[in-house]
Amino acid sequence: MDVLYFAWVRERIGLPRETVETRAETVRDLVDELRRREGRYDLAFSDTRALRVAVDQELCDFDAPLAGAREVAFFPPMTGG
Amino acid sequence: MDVLYFAWVRERIGLPRETVETRAETVRDLVDELRRREGRYDLAFSDTRALRVAVDQELCDFDAPLAGAREVAFFPPMTGG
Amino acid sequence: MDIRVQESAFDLGAETNAFAARQRGMGAIVTFTGVVRDLDDAPLRHMQIEHYPGMTERALRKIAEDAAERWPLGDALIIHRHGRLAPDDLIMMVATAARHRRDAFEAAMFLMDYLKSRAPFWKKEETAHGAAWVAAQQVDEDALEVWEMPSASRTRSGFS
Amino acid sequence: MDIRVQESAFDLGAETNAFAARQRGMGAIVTFTGVVRDLDDAPLRHMQIEHYPGMTERALRKIAEDAAERWPLGDALIIHRHGRLAPDDLIMMVATAARHRRDAFEAAMFLMDYLKSRAPFWKKEETAHGAAWVAAQQVDEDALEVWEMPSASRTRSGFS
């Protein structure tokens, strides 16, 4: 599964995208898995209320299932316009 | 005093402006005076709810005083934009 | 503040670019353009717009000044044509500039609502069946009421 | 419906004219333009806009389709830049066309409100003091609530 990071999430984790082998069933499981890896992940995901997530390019919440998902993206609240 | 007519008021009365000698104290007095002149005035002013009036180029109501006024204009509700 | 009443056509794009270019520190620019549209029942041959020279400019300026008092505007523009227009011709435009989008949008809507019912223009439409003055609509008169409400209740109702 | 996400600048006037010229029977055209503005505390050197290629176009198209479902629009246009921008550069524009002004205005406000908080763009501002990501504002999130109200209550409160 491709995991993408944008804006300050990208900066804190230090890379824009990576391929992750995971059996996480939901976004929240994936977050927990990533946090256990390294301090920079733990820091980036320390407050998920400050984060937004998209699964296969659709905004969703952290309880969203990951079955069949190809791409998960984490980023701060958007500031377009 | 200059009296101006616009849109269908102008068409019914048959002229765009005229000079009127009057002692009318309010717009309503002036309207009553004009209506007594001729049928075309009487027709144009038969329903003042369908008319708007401006005294010296400011919208006002039919009770507005005419003391010192130089120009009174009668017209239908406006349709700009 | 730029108010123009004219018989000649205007270039919407050029006016919009010129308006945008002269702003500084304004994050939001809104334009509205009114276009002659065809009628539902018969093809429109042309539209004749009559106005009240002298009063028209005063009325438009007053409306723009009222908008500038209510919203923190950087600038406002009103151009309104009179005379003979064809279908798809541009009748008029307004532009507003403000730091924030909501102010620019609300001020442009305010300009349009007042310009529609309080500026001395009258439209006559000519079709194969003849010519008729466009009647003012109650919905346009009603649109003014919201602006006379205290702004707090507009805010509470989500308008601002 | 025309959705463009691009790094290059766009010509607001030319886009506005082209949009207006391709409408038929639409009496009302509204545009909104967002401009990079200076900061209150320190001069802005530049703004960097990051986006999510692939998702961005989808998200913008969905927002425009939602608008076209809610209002009888003739057409809608969204152009949004990414990359490096300077103060007074144009960031983005939307345009809407409808038969009546209220529909064109409301649809443009709706596009802006959703684009602001639901399209994957992130802005970073750089001044002499360093660079900082622009924080999303609660007022922008709150702006979406009014569109989730039943339209009757928006109408009653004078919004429509």
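Just so it is clear, A, B, C and D label the chains in written order, and each chain counts residues from 1 on its own.
Everything that follows uses one rule, which is that a residue touches a chain if its C-beta (ideal position, glycine included) is under 8 Å from a C-beta of that chain, and two chains touch if they have at least 3 such contacts.
Listed by chain with UniProt protein names: C, D = Molybdopterin synthase catalytic subunit.
Because the structure is a prediction, the values reported are computed rather than measured.
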item	value
Far-end chain from chain C, centres as C-alpha averages	A
Centroid spacing, where centroids are CA-atom means, of chain C and chain D in whole angstrom	21
Whole-Å gap between the CA centroids of chain A and chain D	26
Inter-chain centre distance, chain A versus chain C - centres from mean C-alpha coordinates, in Å	47
Centre-to-centre distance between chain B and chain A (centres being mean Cα positions), rounded to whole Å	71
Per-residue overlap in chain D, given as positions that touch at least 2 other chains	34, 101, 112
Two or more partner chains touched - positions in chain B	81
Each pair of chains that touches, named by its two labels	A-D, B-C, C-D
Touching residues (chain side chain D, partner chain A) in the complex	34, 50, 52, 54-55, 58-59, 80, 91-92, 112, 115-124, 133-136, 141
Complex interface listing, chain B residues touching chain C	4, 6-8, 10, 54, 57, 59, 73, 75-81
Touch list for chain C against partner chain D, complex	11-17, 20, 23-38, 88, 90, 99, 101-102, 104-105, 108-109, 112, 143, 145-146, 149, 153-154, 157-159
